[in-house]
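Two complexes follow with chain A in common, the first pairing it with chain B and the second with chain C.
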Partner chain A sequence: MADVQYDTLPAGPVIKGKLSRDDIIMRMSMVIIAIYLIVTMVFPLAAMLSKSFSTYMFDLSAYELQVSDKEGNFSGEIVTPAQLNAELGVLSDNDLIAGSDSRLGLTQFFPDFSFRSPVMYQIRNTSETGRFLVGSELQTGTAWVELDSNTFRRVQLRPEKSTGLGNFISYFSTPALFNSIKNSVVIAVISTIITVTLAFWFAYALNRSCMRFKGLFRLVAMAPILVPSLLPGIALVYLFGNQGMIKELLFGASIYGPIGIVIGSVFFTFPHAFIIISTALAISDARLYEAAASLRSTPWRTFWTVTIPGARYGLISAAFVVFNLVITDFGLPKVIGGQFNVLAVDIYKQVIGQQNFEMGAVVSVVLVVPAILAFAIDRMVQSKQVALLSARSVPYQPNPNPKADRIFLIYCCCVAFFIMGMLAVCQFAALIKFWPYDLSLSLKNYDFNRMDGGGWGSYFNSIKLALLTAVIGTCVVFFGAYLVEKSNGFKTGRAIFQMFAMLPMAIPGMVLGLAYIFFFNNPSNPLNAIYGTMAILVICTVTHFYTVSHLTAVTALKQMDREFESVSSSLKQPTLKLFGRVTVPVCLPAILDISIYLFVNAMTTVSAVVFLYSPSTTLASIAVLNMDDAGDIAPAAAMGMMIFYTNAAARIIHLLVSRGVLARTQRWRTR
Partner chain B sequence: MKLKKSLLMSLAASAIAATAATAETELTVYTAVEAEDLARYAETFNKSYPDIKINWVRDSTGVITAKLLAERDNPQADVIWGLAGTSLLLMKSEGMLEPYAPAGVDQLDPKFVDGGDPPSWVGMDAWVASVCYNTVEAEKEGLTPPTSWKDLADAQYEGHVIMPNPNSSGTGFLDVSSWLQMFGEEGGWEYMDGLHANIARYTHSGSKPCKLAAAGEIPIGISFAFRGAKSKADGAPLEIIVPSEGVGWDMEATAIVAGTANLEAAQKLVDFSVTKEANEMYNTGYAVVAMPGVAKPVEHFPEGLLDAMIDNDFEWAANNRAAILKEWANRYDGKSEPKE
Partner chain C sequence: MLDSPTAKMAPVTEQPSQTELYLSIENLWKAFGDFIALKNIALDLNEREFVCFLGPSGCGKTTLLRAIAGLDLPTKGTVMQEGKDVTNLPPSERDFGIVFQSYALFPNLTIEKNIAFGLENTGRSKSEIAVRVAELLQLVGLPEQGQKYPAQLSGGQQQRIALARAIATNPGLLLLDEPLSALDAKVRVHLRHEIKELQRKLGVTTVMVTHDQEEALAMADRVVVMNHGVIEQIGTPTEIYRQPANLFVADFIGEMNQIPAVAGASETVVIGGQELKSQAHKFNAGETVVAAIRPEDIIPHGDGARSPGAPDVVKTPENAFDVEIAEMEFLGSFWRCRLRHEIFGEAELITDLSINAVRRLGLTEGVSFKIELPQDRLMAFEPAGAE
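Entry: the complex of A and B
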């Protein structure tokens, strides 16, 4: 057959479907949302990356000096500090790498300098852009400045902006900084192992045993999602601090440090791991267990050969999600980390403490690496997952086993006690007048207006932010997911959009927030006006939590047959009408899920918004951070619990609305 | 469609309402003054200038300084009222301040006024380092009260002292820079090496050590006198110790941000900030204020504080700040494991 020639047939024209008006509208919309993601994520990250390469260097050849004789006549030769340094070797090249804030005194280049000497000095910049200080007066321009010896010791050179790897060199030559990489990874790994183990057995008990109170335990397990990650830190201070209620349990070890971070991390990542593992354990094929039983396998063997392999994707996914949450979390180590430095707190310290934005950007780049790695591995694992349930599967039903059920019940009670105990401690602490000296109850700690952090105003700002994020975010995310899922053709565009939608998950909140400063607080940026407003907080929060919302929407949309689109187009109905009339009502449960997810996260988020809030937009979660920072720990606990109650109320409303909506719009499901 | 229209209408309406409300001048004022004092400051100011509304941006010294520097090319603030003098020197050297001699500046102690003519900033009050000592907890631990900085390096206090990290707290930096000035560069670092062995941990804010001492979490907190006096007034079993070698201090100061659109209102605020009335207002919390003869003793403030204030070289502190902080971080920050 190979030698048969078809050269008689000319290549036909490529047939291209004509784009309908509908297709064009859909593609335009998709482009708009894609542009939104580019502007709110890709550009800021690019701005940050370029900032990390923006270094400051002392340019010793940019100045000229002349020394007079004892009578004050300038007759000696004119030298640059660079020449002096080459002669004397005072400073190495690494010493010339600076921060934006650095200064360099000049007297070190004159070994016989004395401030009492009658010798005069004169100095000038060699270019108009040069800068040096006399005391704190900035000197620019190329005119000579004449100074006596006593004033000359007050001369300080200012560094010049340049581009290069200088920041990275000084990062890796500062042990205090790069030690944090090790600390962060170690903490994240330990927390991951503990959380996944605990969550696995909890999920196992709930899915594979016949113990009682399963609904209650499920509810309790979800509670930590409703509070900011700093709250467990505050609870731990009250439990195990030097005045802690049960500090003896630590046998003298300090809670401020890795121990505290790990316990707190386990608390706040537990629900995330639990959801994922629980989903994985919920589906399983009873036939495999029957086969195992008929082969006389021991329960132990069955567990390792059937249960674990069946849940392995869930376990791996949970592990990477927890790892990512811990390594990027900022609130908890800030509160309880003590002297144990981690990357996320380093970013905060560099930016807020030292105003070293460039170094902040460098640490951000370093932090993004493990976060993206964990994310990529997770995506890879998930794409390998195949359906465990085929049409012939028989759903597994657990059999009552009184002894095992009792053990599971005790285990779940312990976990639930741990979770509720932490919350109860915070509530208790919030109501105590002056721990530990005056244990009478009072509402004094709720007088937020007397504290740092913005008072009650910040609480209402948080609710506003959460509502706006939920409404706007849900609209953008769901519509975007619809366009990706249901539009025709345009394969590359859709693939690129999908990639953009997945990216926010891999970007730590601190990094996103810092990137926003670099991008939006730039006067030449036309979007500069939103800096310092509620708008930037909403945009940042929507972008930060885009991925999970997007995935929820896509999953719901995948359940809808594409036939709907075909039918609507054959009936000559615009797709957007179909979207409004059919798709949205059918997917309403998923839409409600997305909005509650965004609401809760907007209430609790700290990391991304800590760089972006302004006086009129202080937030409750930031107030918790700032009050704790100022030492007002009890009011911080009080505000944290306010966030908890608000989120719990939102969840209950969500539940009631979902029920109502399900009854009204989903009746078709039951027939 | 209808919904969209009504939404647009309401947006437009609220925009109009917003412009109507700004008939009075609004000033964005950056400050690091304690939150509980801000309302009082604004109220007193509005008694003289009812048509100027102050919008506070309050945060810790480090955060506000970072914010101002970050916004260098696009300043959001009109006035800085109540920020560390060291930070204002930093702003000045960046050319970010609008020099202005407020009416009545000659009434102030020259130590509290910038040397430039016209001055770039004017001081308000001094903010003095002190040691907060929890007598109840210290007794439980069997500690003897320290009387000097050098005492704090004594082995008996191991794990019982807490101080702010100079890299994130203005108070922390003022301690470190005062030790370097008092004990000399070499002696200062040597002293800190000894002290570091006793430090339980470094906090991010300057008031936290005293609040932790007040709560008995750590018996000895290196903080500032003002905070200690407040906690003492709240009923904490504290003693405020003024170390015998002398104490570091910084001032809170006021300045106009160059390029403000509301220069006239900003000048009025700075005029007010140097009046006797304003100084009396500062005096409710601060024992040392810029106008001589105004200060009355403040309750719970330790005696002899004024005499113990060192002759602080702010310019030296500002110009060596970056180098000092770097050296400090290399020596003490993130020595990874916390002490048991």
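Entry: the complex of A and C
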């Protein structure tokens, strides 16, 4: 034994495991889902990034021109448009910056040009790569093209594509554009502070007081999740708009702008902050409070030394989530933002309004930066939160305190009134014939087929999208999470997969949607066929909401004994049998949670799909946007409330199904 | 079961005997990055044998078990099972059943379905499976529990179901990964007896990983003591206890007095200047060693110093000297005494004396009396950390 070296491995090859059939199936499946994520996320984002760096410019020196005399003899000097421009000073350098579709006429370089003139023109490219149009006919190559005056009118130069920071330079030299950065950040910070404060006290009241109606308040707090983010905008228009019910309360200030965006943002981000903070407060350890009480600490001191430190990760996490939601939101500032520009709306304006895709890509890149930062910090904070949980913690039981309980009850009523008030205003608006002139009730605003936006068809499209997203998304996400959690070896592959799964959370919907245009609307892409179909909407929505679903699935899977797979393979049973017989049934509550999450979000999402819908696939949430845009605010409110009721119904069905399924398949949970 | 495994094998030339080789591990290494968890492990298991891997946590015993199962492949080396090289095979292509500390019972399946899990897709009919399940439930002593779910059973019952599931398909090798560690002390003692019974009845070659020496000594035919990825000793429980191969094994298993000493001539050690007769050892005179003796091996003598076997023969015992009792601790069935003598310096010798002996010799704290360190129980080891 003494002659054996114990500290270093002997030389020679390392044992390579033989893969079982299951291993191969699992790896292939993981590769397939990874490819799905690459195609639906990485490639589009890469396409967008490259778009933001592609600049187009007219190169006037790349062409040569010659003008004939009146008899049509070409004897004059050969000139380039660049020389002519230098002489005449028609165009500045900035005028030569172009988009991918820009054209430049040539007649402006000939001050005495007349299309009736008998003078002939000839033009050619100086290099093989040069391009110009005669009418709609593309001319390449260096051969001379001879044209009469009337045709010469229709000569258009095409810009040259190159790569560089040109778009970013012009973005940051246009105040109208880069001011949006400041606007977005300010709005997001203010909304974050207000929302987190409101949500903290609301969660505190629900977790730490003995007030009544806690269940009801919890329900109300979750309501905003069920509506598109632009619905509070509509409610605010009715309340404080130019003909608003209580516009006097603003003392002349306009709701169209930062005030409206902040109020609306507080509304739609409230439930997100509430869930996170409530979870953080719920896990606090009662023993710390007993220790504080035995040390005769004042309630105020206990609050700052025990409660706040215990909930601080929750608070930080909530703050970043809210910040991210506000800064990436598009629907609300579109409806209520007025002249106040924010990044997400800028993307929309650049792309839909001005067809300037490159600039849209630039704004997207700018928007991704704070979103990714907020996301990264949030992930870091959440990974620390886990360590706080201790198995020996004793849950905190609040003691009745009539005075404090009454104050909390009043506070919660105020918050609930705010939330329900917004929804009630929308419902009211939807049922009124013509605000503010004819207040009689009518259902005519529900006659969507008479409005822009796709009518009832878009409502049913939305339901179809939500169902498809829920079913397909849940399958892909859960199976993907299972593969990444439970397969053997293949460490690098799993790590990369995990990273892909986390990415969508950091990508704002607008950015994802725009990236999809660049990638899928490219004629040379074989997947071009799905552009404009329901398929692309489903794919985009699944990808958009992938991360939260993935994390839900992973959390559920982590609670499964990691030896189940070992036992199953020792019994020579296929892993997929274990998956079907044990994993799926045990994780059913999580699976149902994922599907309702995807359903509700598919119903309410606007940002990603706004670039991707086609006339045959209009959606309810987009219809709200478009009807509002067209001035049909009441029908927009009506459609928004349809989404609310649909989601509420889906939630109730989810609850009933969960109960039913649990009672049947999870009998084992009860002793 | 038309063709049994033996029928397929090459003609058996040797006489099949009790000690036929079943599993053979050679030059096995396992590295996790820079950390080497198993170092050049060599081990043979005979058919029908019950072997325990024993060692402190992190010694590599579970890693070795998982290498045998194919759950984590070794980095180098070979594992042969029934003469077939299985080193790189996935678990599903090996022949073994496994039981984990966590039971790993499928929570949403009834006890019957759990046990039947491995019997499905094996060409057995439903009624055959039902018969086999009932038989197994009978075997583990839980015949009435088939319709229950795992959460409705106690920990000990769940572990028995896990055992039934593991042996349902008659594997040639049974692997037990700390199967009793999650259970209460009483259940543990009871169940270890049952597992041993069952193993004898089925004659299945069994490997059990444990960190509990009592469990290993009580259950195993042979114990493999491991530390830092190396096998320190392989032997029967009595061999391991009576003749530890080195100081680690001596220290890890049971209680052991360790006294700094110097090797004397053959069969002697010198403690504090006094030469005592010891077991034969391999050291040269003058080398630093650790003299070791178990507390229960120290023999107390009265004034007459009679040898206990023959009270009439007055014989001066070897290795005997007077010691003072520094401290006595009552531990129920015996007294633990700490003994002082100038040759030990500051150190104290621990001995366990029966209540009877204490009464007979009139021992209390501060009293001096004669003890004998029997030559065949006094051992010499290389000191720890001296390589």
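Heads up, the rule we're going with is that the second predicted complex is superposed on the first by the 568 of 671 C-alpha atoms of A that agree within 3 Å, B and C clash if a C-alpha of one lies under 4 Å from a C-alpha of the other, contacts with A are read in each partner's own complex, and residues count from 1 in each chain.
The rule we apply is simple: contacts are C-beta pairs under 8 Å (C-beta built on N, C-alpha and C of every residue); 3 or more make two chains touch, one makes a residue touch a chain.
Everything quoted here is computed from the prediction, not taken from an experiment.
Q: Going by the contact rule set out at the top, does A:Ile633 touch chain B (first), chain C (second), both, or neither?
A: So A:Ile633 only meets chain B here.
Q: Per the contact definition in the header, classify A:Leu441: touching chain B only (first), chain C only (second), both, or neither.
A: Neither partner.
Q: For A:Ser20, is the partner it touches chain B (first), chain C (second), both, or none of the two (neither)?
A: A:Ser20: touches chain C, not chain B.
Q: For A:Gln339 in the superposed arrangement: first (chain B), second (chain C), both or neither?
A: First partner only.
Q: Would you sort A:Ala663 into first (chain B), second (chain C), both or neither based on which partner it touches?
A: Neither partner.
Q: Under the stated touch criterion, name the partner, chain B or chain C, that contacts more residues in chain A.
A: B
Q: Can you give me the overlap between the chain B contact set and the chain C contact set on chain A?
A: none
Q: For a test of understanding, state which residues of chain A touch chain C in their complex under the given definition.
A: Residue list for chain A touching chain C: 4, 6-10, 12, 14-23, 561, 563-564, 566-574, 577, 581-582, 585-586, 665-669, 671.
Q: Along chain B, where are the residues that touch chain A in the complex?
A: 28, 34-36, 39, 55-60, 62-63, 65-66, 69-71, 73-74, 76, 89-90, 92-95, 115-116, 136, 165, 167-169, 200-205, 207-212, 215-218, 234-237, 315, 318-323, 325, 329-330, 333-340
Q: Considering the complex alone, what residue numbers of chain A touch chain B?
A: Against chain B, chain A makes touches at 98-103, 105, 133, 135-138, 154, 156, 174-177, 179-180, 183, 237, 241-243, 252-254, 256-257, 334, 338-341, 349, 351-355, 357, 434-438, 449-453, 455, 517, 521-523, 528, 532, 614-616, 626, 629-633.
Q: Give every residue of chain C touching chain A within the complex, in rising order.
A: The touching residues are 27, 29, 31, 36, 39-40, 69-71, 73-77, 87-94, 96-98, 100, 102, 104, 106-109, 117-118, 120-122, 149-152, 165-166, 168-169, 171, 230.
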